[in-house]
Every structure is written in C-alpha cells, then in structure tokens.
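Paired with chain B in one complex and with chain C in the other, chain A is shared by the two complexes that follow.
So, the complex of A and B:
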C-alpha cells in the first residue's frame, strides 16, 4: 500500500519532524496535553516511515531522492552532465543510523513527558528536540556536502540550546558556550572543505565528487580538515573536553540524545573516509591515525571517568571512551578495507558498537536523569542507598552498567568481543589495551553503583519515590533492546550490520548514482 | 604581467588566510568571551569570502538576467552557499552572545579563566 509513497520517504522523514518542530510550539499554546499527543503522533509516524523505508532499502538497495526534479530518480537534469540539484541518498548505512536516531528520540520523548513538566519552557524544549532530530536525520540522508553542513549547524544550534536548558544552574551556560563554539568551529571547517572541493570540481554532490576526485594536495588538506571536524564533533581525544561538560550539565534525556548526535558525526566521518575518498588514500596510514585517536580516547575517557564525582560528567567521560572503541574498530576497518578478513569484521564491529552505544549510554543517561528527577542531586558523594526506594531504576542501571562494561549477556559484550578479536589480528597490543579499558570501565560503574544505589539509607532520601511509569517505560524499552540484542547478536549482525558495512566497502554503488 | 599571475588576483585568497589565522588566534589565546565570539565570526567571514572568491570566473558575467549580455554566466552556487552560511552564522552568533550574557549574569564576569567551574 506504500508503493507510491516509498520514493518520497527520504524527504518526508526529514520534513515531518521539521513540521512537528514548529507545529508543536503552536499546539502548546492550546494545552500541554494537546502538544504531547501531537508530538507523540509525529514521532510515531516518523518511526513508522523510517521502518518502512528501512525494509525497502534492505530488500531493494539504495534509494535516491532528487529535490525539485520531476521524478525522484532524475539525478542530473536534461542537458547537464553533472548533478546540480540537492540529492538525498539513503543506503543501508544511512537507514541503519536513521532507525537508531528515531528510535532513541522516541524513547527519550516518552522519558521526558513527566520530568520536563516541572520546568518552564517545555514548549521550546520539544521544538529544539525535533530540530535536533531533523539535523541528525538530514546528516544521515543527504548526498550533498553543503547540505550536510546546513544540517550539522541545525543539530549544533538545537543541541547547544538544549545543553543550556537548566538555565537556573550557573554551569549550564558555560557548558553550552563551549559546546556551541566547538560545534560551529567544526561546521566552519566542514564549510571550508566544501569550498576546497567546489573550487576544484564545481560540484557539491558526494557521489559525483568521489567519481571525479583527483586526490590532489588540496583534496588531502580537505580530508584532514573533515577528519578533524568530525572527530572533534564525535568527541574523540584530544578535543573531547566539551563532551563531559555538555553531557554533565544537560538534562538526562538531552544527554541521551546528544550521545546519538555525536554518533551521527561518527557516521559522517565514516562516510567521508570510505565513500568520498575510499581506496584513493593511503588507507594504511589513515587507518593507523584513526586507530591511535581511538586508543587515546579510550585511555583518557576511562582514566578521567575514574576520578569524577558528578553522575553526568562521569558518564560523559565513558562516552569519550566508547567513541574511542568505535574509532579503534573503524580505523582497523579502514586500514584493512576489504569485504573479507579482520578488516571487515572490525568495520562490522564498529557499526555494531554504534548501535550498542546509542542504547547503552542512552540508558545510563536516562537513569542519571531519573535519579536527578527523584532526588534533585547528581553529586555521587551526596547520593546513597537509593536502591531501597527505586528498585526498577536500580535494575535498569545494572543492565546499562553491564552493557557498557561489556559483560555478557548484554549487547556491549557482543560488539566488544568482535572488536577485540578483529583488532587482535591487526595489532595484539591495541586489543589488550581495549580489554583493560573495559575492565576499568567496570570499576568506574561499580563505584557509581555502590555510591548511588547501595550504602546506608540517608534520612533525606527516605521519602524518595520511584520515578513515574512513563520514565520507567522508556528505560525499560532500552533495557529490553539491550538484552535482546545481547542474547541474539547473530541475527542483528547478519541482517542489519552486514548490509550497512557492505554499503561502506562497496562504495561503487553509492558513487554510481550520478 | 597578466592578471592571473599578479598578486592582486590572489589578494582575496591571502585575505581569507589572514582572516582565518586571526580568528583562530582569537579563539585560542583570547580570554574574553566576546572576543572568542568575534574570533569565530572572523573565521566565518574568511570562509564566506573564500566561497565568494571561488565564484569568480574570468570572462563570465554575474548571473543577473536583467539586461544581461549573451556571453557565458557564472553558476550562482557560491553566492547561494554564502547567503545560507551568513544566515546560519547570524543565528550561531546570536546564540553564543546570549550564552555570554547568561554567563555574565551568573558569574559576574566574561573572563574565560574566571568562568571555569567545569574542569577535571
């Protein structure tokens, strides 16, 4: 029944949340309830459409949408030899990221229904959430470099405003200022690279640029600039310092979706490395550089997380380490760059870890949001004995803890095991460092678990209640996903991850569109 | 000496490099939050100027159709890109300045060294 609709889905999936962003503000003028129902419907429709498009792409392959053309597949107008219109290109990797993004946004929305009622400015909160979602989906679906810059800026502006949501706290504005400076610097670097490409090839389309790329000195400069910009936005060391600040100060649900936003930058990095440049670069050297960045992030993230005493900041540092794991796997995958052997396994592991990261860290940030909602505190030294009154939150925290630390039977174990195995064949020392870092991460979270949920019952927390059902439902949904993926990782790797990894390695399909 | 080989032809690109370097310097070494914002705006102007300078093609006309001669016209893409980027830049600058105002209200200073409570 959707045959007529499917060709237009790429643009509809971006346009519907964009409509929702501004319409939800109008609905909140009517009543809060009307806005919640409307936002629920918009997100539900987006989730449904993204799944329909996902099914289509996983069965029929890449889908192209040309904006302003008479038919969606008409990439070059008659009489032109190159594409001048904006083209959306959705392949298995894009839709894989799209499904993660919309699902996390949906869960975060359900989580924020109750706690956000206590604050003023909720109407703007939903508008910004939708805009952040639009920005992320745009980055994933676009096949045009300048368009990527625009969506990057949309996501940055919305994200920065959301980081500063708790304006009553002094530090929120400071964290948001750092975030917006880093993000807009990153976006300007991307624009500079776009200009370098336009100056040489008069084109902006990723597939067309990849086809005509001459790998000149300017192209290599553009690659370095793009690598810096996206690694910075993904929160890799040595430019990671904004991450714990922003995640620590943002409300829990916002931090959960910002994790996905940084993973979307990771996607952009992979797209540039594999699709735009591909084998034309010295993949061995670039792979090593990315791997070393990853190891540095793992090391800094884990060691800094050990000494934190703010709940959000601590998870922020582990997020740095988790991005390091993805970079490590992606670097090995890029150095290998083949559809067989350990390189391909590493790439699969990296993509699998993107999925698991969005779920695991999302769950942990939601738990920190729940603790903040129930007690009003995020300092680990002030919290104690919450397991007595918040049983379910405590169980969800254990699930998230095991998943991030890579313990079976959670999803984190499955992807980390793949990372260890494949990286070991590349360089055994790297694999050992990664395993040690995982053990450290367990130590970090056991410390948090003891200080927040166990320990003596404090008098001030004796009247703390379990969080409302909608928040439990959101955390429960993530926990169920984590356990299901952890119990049958084969199904996910073979049916979802494998086509996405293949989309990166067989870049000819993406490039062949124009 | 032809136009292409003269320094005048490269002047826009030299300005671009200067603007970006000055902006980077302000971003890294200035402690006043407003100056950091100015630094970022300078980088943005540099990139915008770069795009506009790339839009020049020798012997072509600007893409304005009224009374246009019949010779070749340049593609209006860089101008469109620059317009978009200017609008986005305005939004980002406004957001950054509002954060600076918020920081001034909370901390009583806009010196970046004194507004560092988030560290470690």
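So, the complex of A and C:
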C-alpha cells in the first residue's frame, strides 16, 4: 500500500507535524490526555514515514516533489525553461538530517510528557514544539532558497518562544530576546543573499541557481553573507554569545531540540558550500576560513565551559565547542573536495559528528532537565550527592559524559578519531589542538559529575526521588543509541554517512533535476 | 483606559460596520483584486482596535472572548492545511477545483475582458477565506492581549 504514498512522502513529513501543531491545540481544549495521545500518534507516524522515505532514498536515490503541479516530478511546467513552483528535493544528506531531527524530537516529546504537567501553558508548548520540528524539516527538505528562509523564520520564532518558557524569570526573557534578535539578523542576511540571487538570475531554486551561477562579485558577497548567517545560527565562535544564554535558560528538553536546530543550520551551511557553490569557489581559501572558525569555536567553547557554574550554560558552551569540531571537519572536507583521500574522510567525520552531537548533547541536556525536575536547581554549587537517589540518571550522565569527551566505547570516540586522523593530514597542529580540547572537555564534565552526583548528601536533597519512568525511557533510548553507534561505527559510516557525504561531493545529481 | 468622548464613539458606531465589511470584501475578492486573506484580516482586526480605543478596555474585553478567537484562529489554519491535503490525489496543494472542474465550485473560466467573476480560481478563494479567518482572529488576540496590559483609569 505504500507504493502510492512514497512519492508524496517528502511533503507529508513536513505537512503532518504542521497539521499536528494546529490540531494539538484543539485537542488540549478537550483534555491534556487526548492531546498527549494525539501528539504521540503524529510523531510516531512522522518517525515511521521518515524511515520509509530514508529506505527509499538510500536504495533508489534522490526524490523530487513539486507542489501544486499535475505530477510530483514535473519540476518545470511545460513551456518554461526554469522551475517556478515550490520544489522539495530530498537526497541522502537531507534524509539523514531528517531522521536525526524526527528521532530527537520524538525522544524529547516522551521526555517532556511528565515534567511539563507541572506548568501551565502546555497547550502552546506542544504547538511550538511541532512548529520548530516543521521548520527544521523544511530547511532540510526544501530545494528552494526562499523557502529555506521561510522555514528558518518558523524555526527561529518557535525556538525563541520556547526559550522564554519560564516567563516569570527575567533571565529567560532576556535569553529569548537575544535569541530572536540573532535569529532575525541571520534570517535577514539570508533574505539579502536571496535578493542578490533573484536580482541576477530571476530564480530561487537551489539546483537551478547552481547551474547558472556565474560566480560574480555579487555571488561572492552572497556567499559571505550566507556563511555568516548560518555560522551564526549554528553558534560558531565569534557569533556564539546567544547560545549559552538560550540553552542555559530553556527547559532541558527544549535545549535538547535546540541543539538539533543549530545542527540543521550546519546542514544549510554545507548545502550552500557544496551544492550551491561547489568547486566554482576557491575551495582551499574557503576551507581554511571555515577551519579557523571551527578551531576558534573549539577553543572558546571549551575554555569558557571550564568556568561556568550553571548546568545549562556549561553544556551550552560545550555545544559551541562541538559545533567547532564539525566546522573543523567540514572545512577540511571543503578544502579537499574530492571523493577520495583525507578530505572525504573529514567530510564523513563531520557528518558523523553531526549525528553524534545531536545524541550526546541531547542526552546531557535531558539529564540537566531531569536534575532540574527532581531538585528545582541548576546551580552546580548548590547541587551535591544526587547519585544516591538518582542512580539511573547518574548512569545516563556518565554515558553522555564519555560520549561528548570522546572516550572509546561511545559514538563520540569514533567520529572524533576520524576527525583527528583526517585533520592531521591537512594540518597536524589543528589536530593536536582538537585532541587537547577533547581532554579539556573531559575535565569540564568530570567537574560537573563530581559536584552534582558525587560528594556528601545534602539534607535538602535527602527526599529527592528518581525521575518518572517516561523520562528515564527517553534518556535510556538516547544512551542505547550512543552505545550501539559507538560499538559498531563502521555499519553507520558505510551505510548511512557515506551516501550522505557522496551526495555533497557529487553535486551534479542534485543540480541535475531541473 | 477610559472610553473616549461621545463624538468618537458615535463615529465609531457608524464606521466599524463599514470597516469590517470592507475587510471581508478584500478577503473574498483576494483572487481578483489586490489584497487577500492576510490584508483583509488585518483590516477587520483594525475595526477591533478602533472599538477598543473608543470604548475602553472593559467593553472590548466583554465583547471579544480570547478563547473563542484562539479556536477560530486554529480552525482557519486547519482549514488551510486540509485544503492542501485534499489535493493529495494528484499532488499536495494541487488546485483540484480549478483543473478538473468535476465539482462546480469556483470553477468558471471566463474568457476575455470581464467585470470580475467571483466564481473562479478553484481553491484559491477558499484558502483566502481560511487565511482571513486566521489573521483576523490572531490579530484580535494580539490586540486583546495588548489592551489587557493597560491599567484601568489611565
């Protein structure tokens, strides 16, 4: 029965959560229970569809969807030489990101079922969560630069509203304001680049633009603008200041999904660099610039994380460092730009690290959310001895700690080792800096582990209970994924990462559909 | 916020009917003339703002119910996305009313110069109405929320 449905999957995966966003508000007018069941069904269906589409794309290759046309594959209407309709284009990289996004959103939803019951305004919380998911999926699947801007705005506004969840706190409002200013600035930069393209080529389709690109001065300005905008949204070093604020103030589950949102703008950065511009640019120079941005992010993120005493802010700074690792690998991959050699390994490592980052940092943020739920505190100086009463949460924190620091049995080790090896062949010094930063990161999290879970038991925490089963289940699911990927990384690299990296290098296939 | 003078209130009584009527005109003629669902919805919401300014906070809060407006907003959004889903027989967002013409709703195709036939363009007028309902109730909620922030008597 799915043969008829498969051509429609790219739009259904965006449209069903969008439907869920609006309908869940109506369901919460009936009862909270009905809303939870409905949201669970919508996310479950989306997860299932994204996996079906993933299987289809990994076996049959890229899929195109033209909205409003008489058939889904009709990209240019009869008599037109260029596409005018909204086109979705899903290749191996898009669906790779899509699977990560929906899976993290599903796990985050299960996690937030219980803790959100304590707060008011949960009807809007689920609507905003769904809208954020729609924004991220739209950025991943769209083949149109203007739609990318629209979905970026959707994700930004939903994200900012979620950061301001604890509206009674002044700091939350400030963090949300910072987030919305940064995101609007990024989105307006993207709009400026879109205007530069539209003025020159009268087109907005990414594949068509890539085909007719003349690499004029205006195109180079547009590239710089897009690079800045997406690096800012991803939280790269000189533009990272919004990240610790937003992640530190948002509730744990929201922070976990915002990590994925910033990785989605990493995807947009890769799409622009590789597919839209490709070899027409001086890849060596641009690769160096991205690499240096990455190193800066690693250095600033790790050193700033060392001195934090707020749980969320600390993980926020390590998230800056982790984005730095991805940028480092992506920069080396762009400088190499080939389907063999260390450049390709670096690109694979970067994509692999995107997957691992979403899982590792997601798990750590969920643990911080669990600690907040159990104790009501986030300040590391006030927490102590929680391992006595919260042993499962403690175990999940150890898994997340090892994964982020890149210790052997976890997934972080596999991708970081690939990054060290490939970057070493590009420039040995960069690799050494990256390894040192990883060691620092271990120090950061061991400090957190000692101050939160070990140490003397405080009187005020003697009655603290382990978090409910649904929250443990969500954290456990992420921990299991981390360990499975860590134990057999070759299966994931060969079957999932490799096609995604090839989709970036062989950009002719993506460009060839229009 | 205290009510404004009797002159303002009398003029408002006359004008707001016309403003709302014009707003709905812009919504319904979205596929023929400049404007559409968003613009028309904003015009209707401006009538709410006029009423709120002229009659003060108490009156507007008793007239408009925030919950009802929220539900109307969501209904507009759901109507829009359901219209898009209905095209799925061919392709998402497919204009099934205008192309096949199997259902005789909004399916005329006038030829040559004409004074503007409302009964055209397939699902576009329906989508304009959906967006119009969404925007007028969303902006109504915004206006209501902003007026709730004022203190009484200032």
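Here are a few things to note about the model shown:
Here, the second predicted complex is superposed on the first by the 514 of 514 C-alpha atoms of A that agree within 3 Å, B and C clash if a C-alpha of one lies under 4 Å from a C-alpha of the other, contacts with A are read in each partner's own complex, and residues count from 1 in each chain.
Here, a contact is a pair of C-beta atoms (placed from the backbone, for glycine too) under 8 Å apart; a residue touches a chain by one contact, two chains touch by 3 or more.
Since the model is a prediction, treat every value here as computed from it, not as a measurement.
Contact with neither chain B nor chain C is seen for A:36 once the two complexes are overlaid on the shared chain. By the touch criterion stated above, A:191 is placed in contact with chain B alone, chain C being left untouched. Contacts of A:15 after superposition: chain C is touched, whereas chain B is not reached. By the touch criterion stated above, A:150 is placed in contact with chain B alone, chain C being left untouched.
In the superposition on chain A, contact is made by A:307 with chain B only, not with chain C. Contacts of A:89 after superposition: neither chain B nor chain C is touched. After overlaying the two complexes on the shared chain, residue contacts for A:164 are found with chain B alone; chain C is out of touch. The larger set of touched chain A residues comes from B, when the choice is between chain B and chain C. For chain C in complex with chain A, the touching residues are 70-71, 74, 77-78, 81-82, 84-85, 87-88, 90-95, 99.
For chain B in complex with chain A, the residues that touch the partner chain are 20, 27, 33, 36, 40, 43-44, 47, 50-51, 54, 75, 77-78, 81, 84-85, 88, 91-92, 95-96, 99-100, 102-103, 106-107, 115-118, 120.
Contact residues on chain A toward chain C in their complex (touch as defined above): 8, 11-12, 15, 18-19, 22-23, 25-26, 29, 65-72, 86. For chain A in complex with chain B, the touching residues are 84, 146, 149-150, 153, 156-157, 160-161, 164, 167, 170-171, 173-178, 180-181, 184-185, 187-188, 191-192, 194-195, 198-199, 202, 204, 244-245, 248-249, 304, 307-308, 313.
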